[in-house]
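Okay, so here's the structure we're looking at.
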């Protein structure tokens, strides 16, 4: 039925407006909004539950003895010292490899790579790598570093595997920082007779450095919590000595690995006490790293 | 003393007399991909003069300017036909390194673009990159003086260049360009982002710099060209049918002469129209 | 001819006759060439990584399928997975369906949780939330995204499983079950779906919304009938990526879902996913060359193919929504 006459249109409009003012409509609106808020809150609530559970179970167990002891079959005597030194060494080595490699690749892709199909393939490749499951990186690391390069199930194999895992993250974050530097800066440098490499090294990269550091720290904080890849590469669940960064060929462990170990044991003391205390330490470390990254970004990142 | 004089005389005998012309453009055309931006420009640029390129927006003045120091290379798809001769050498011939070109032909941009570093480091960047070592304090002071900026910043050389006003930043960019001891300074609408007072100071500066450098400036402000330049080139956009039956717009050179003559007695009616404000 | 005070190059002023002939040829900069080569090499590492992954997975998977007792048909249709011990024995089974079953069951449960919660969160944050509420909720979601999966696995066994067992009874819910892992995994994926969907919704031009409001639409109708359909490509991409993450997730299932592969649709039973099998088997005694070892890579190859396909699909949808605006 065509609303051809003005009067009919006015009536229809009035009806719509009247309807929208009805109590039913407003109630439906409010219910919907509450539902959405509730759904959003569920995830946050679960996070809260998790943190609460960790604190409840773990805070009591957390003490100096726990932090400085090696693993033991007795839950009361076990500790995460090996996991802490293991994770620390892993992080140092991973950063030492992934940071220069990632920044160099980002500089190449952003500043020098010609705009052709090969470069686009490279970029798509980086994006794809970011979506590969971490356990597959573990398989890669195992086959290549552990067996092919004959490094064995060693610290360096674990670190290299983690470095490959976070490389795409560092590249993407660094490229964003580089992209934020205005072209005018590059043009100014080139117009003075500097080579593109000199402009990149002395102007563009230094200007982008705060963002690059932020991205790297965030990438490393991901690596700290990764369990599957180093589990596949051969991290030991239980180690009675410290890992040092220069013990490249040593067997190694890590904090997440110890957590996995504790969680897998049947005794409640391990699963609830030791595991949650270790988780508390891990989450604190992550919180610290992320805070440093955020502070870095807020204080030093240039607003162009 | 006598030895170096002998060397100089010998050099003079071997070297052919360099013409008074710094640039010689011969049938220069610039296209970005399929679009022709500048068509068939031929003109000389003379030493120790200020040459102005004027014309309505989009007529290709900046494009032409960027040919002179190969900054067009940075634009993907840019292509230059014809010859841009600098002291006899075609800048676009094989074997010419654009980095060397830009070392001798500097540029000041429309929007001041100092580096996000200290005033001192802005000026020192060029010399350092070219291999200068040691104490650059004297050089920095000399450049700042010649750019008429020294008195205003002498006490805050280590502070960020971004703390300066627009006009000061532009003078800093000029000082930075001078620091690498160029032969030519190109200026792409250097005052268009500045207020009238800052503009006046830069125009004064240009006249001082003319003694040492050859200056080519693009400006959309005719009066500025009239005030400052020795010679003026007027460009405009021309529409002509192309092979496919459509229209092709490209910039081309209408008239090029001493500034006095262009403004008082232009030869081409289009020039006269532009100058008298009838268009553009 | 005077010299520049610092650089030492001749100053190009004075009589034209003073100047020496000039070369604009440029010095060969060896150091720079080396540096550029190193940079390009760094870029190449990413290519090498992909090549490495593909080569390692498919090389060893190929060895697996070349074994006499293994056939592709048995692999994709067999309903028992027991690639241990003597390959000749009767007990040896290489049907991957139980692992696939486990992965899909857990993923299905996870998406049942993650899609509604994720989309609801996205709608709320994008269209409803007042600025102050958003300033609290959005970082909270990002925090959730940063929790390591081993911690979530612990949460699944220590909290979720007892809750499920309490709610549905000890006999009904096994100690290791797909539901605990699936539910926790769902919560883990909510931030992924929420943030990408929110991006897509925010990208919808406000003009569209204003037009709808101007016609007298309620906010609910605007969100459901205007914003959501307009952001559909981005939402689909978000969901596909979420599925990919669920399929590739290892620690939650390794800890909470169990180590016994079986064909079941019962969420309260134990299952083993492809990822959990990889972790379990690689830590066993089997070294390179053994069939068990090769089976790990066959499963890994299947896993990689699935997530790769999902990623490609997601990227296509992302491109579509980016192009639209």
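Labels A, B and C are assigned to the chains in the order they are written; within every chain, residues are numbered from 1.
As a working rule, contacts are C-beta pairs under 8 Å (C-beta built on N, C-alpha and C of every residue); 3 or more make two chains touch, one makes a residue touch a chain.
Treat the numbers as computed from the prediction; the structure is a model and nothing was measured.
Novice: From the C-alpha centres, identify the chain that is farthest from chain A.
Specialist: B
Novice: Can you tell me which chain is nearest the middle of the complex, judged by mean CA position?
Specialist: If one averages C-alpha positions chain by chain, the most central is A.
Novice: From the mean C-alpha coordinate of chain A to that of chain C, what's the distance rounded to whole Å?
Specialist: For chain A versus chain C, the centre distance works out to 12 Å.
Novice: How big is the gap, in whole Å, between where the Cα atoms of chain B centre and where those of chain C centre?
Specialist: Their C-alpha centroids are separated by 52 Å.
Novice: Once you find the CA centre of chain A and the CA centre of chain B, what distance in Å lies between them?
Specialist: Centre-to-centre distance between chain A and chain B: 49 Å.
Novice: Please list all residues of chain B that touch 2 or more other chains.
Specialist: 99-100, 104, 130, 180, in rising order.
Novice: Can you tell me which residues of chain A touch two or more of the remaining chains?
Specialist: Chain A, residues with two or more chain partners: 195.
Novice: Touching chain A in the complex: which residues of chain B?
Specialist: Residues of chain B touching chain A: 69, 71, 74, 76, 99-100, 102-104, 106-107, 109, 111, 113-116, 125-126, 129-130, 173, 176-177, 179-180.
Novice: Flag every residue of chain A that touches chain C in the complex, lowest number first.
Specialist: These residues of chain A touch chain C: 13, 16-17, 20, 25, 28-29, 32-33, 35-37, 39-44, 46-47, 49-50, 53-54, 57, 100-102, 104-105, 107-109, 112-113, 122, 124-129, 131-140, 142-144, 147, 164, 167-168, 171, 195, 197, 221-222, 224-228, 231-232, 234, 256, 259-260, 263-264, 271-272, 275-276, 279, 282-283, 286, 290.
Novice: Tell me, which parts of chain C touch chain A in their complex?
Specialist: Going through chain C, the ones touching chain A are 29, 32, 35-36, 38-40, 42-43, 45-47, 49-50, 52-53, 56-57, 60, 116-117, 120-121, 123-125, 128-129, 137, 140-141, 143-144, 146-155, 157-159, 187, 190-191, 194, 216, 218-220, 241, 244, 247-251, 254-255, 275, 278-279, 282-283, 288, 296-297, 300, 303-304, 307-308, 310-312, 314-315.
Novice: Which residues of chain A touch chain B in their complex?
Specialist: Per the touch definition, chain A meets chain B at residues 115, 182, 184-185, 187-195, 198, 202-203, 207, 302.
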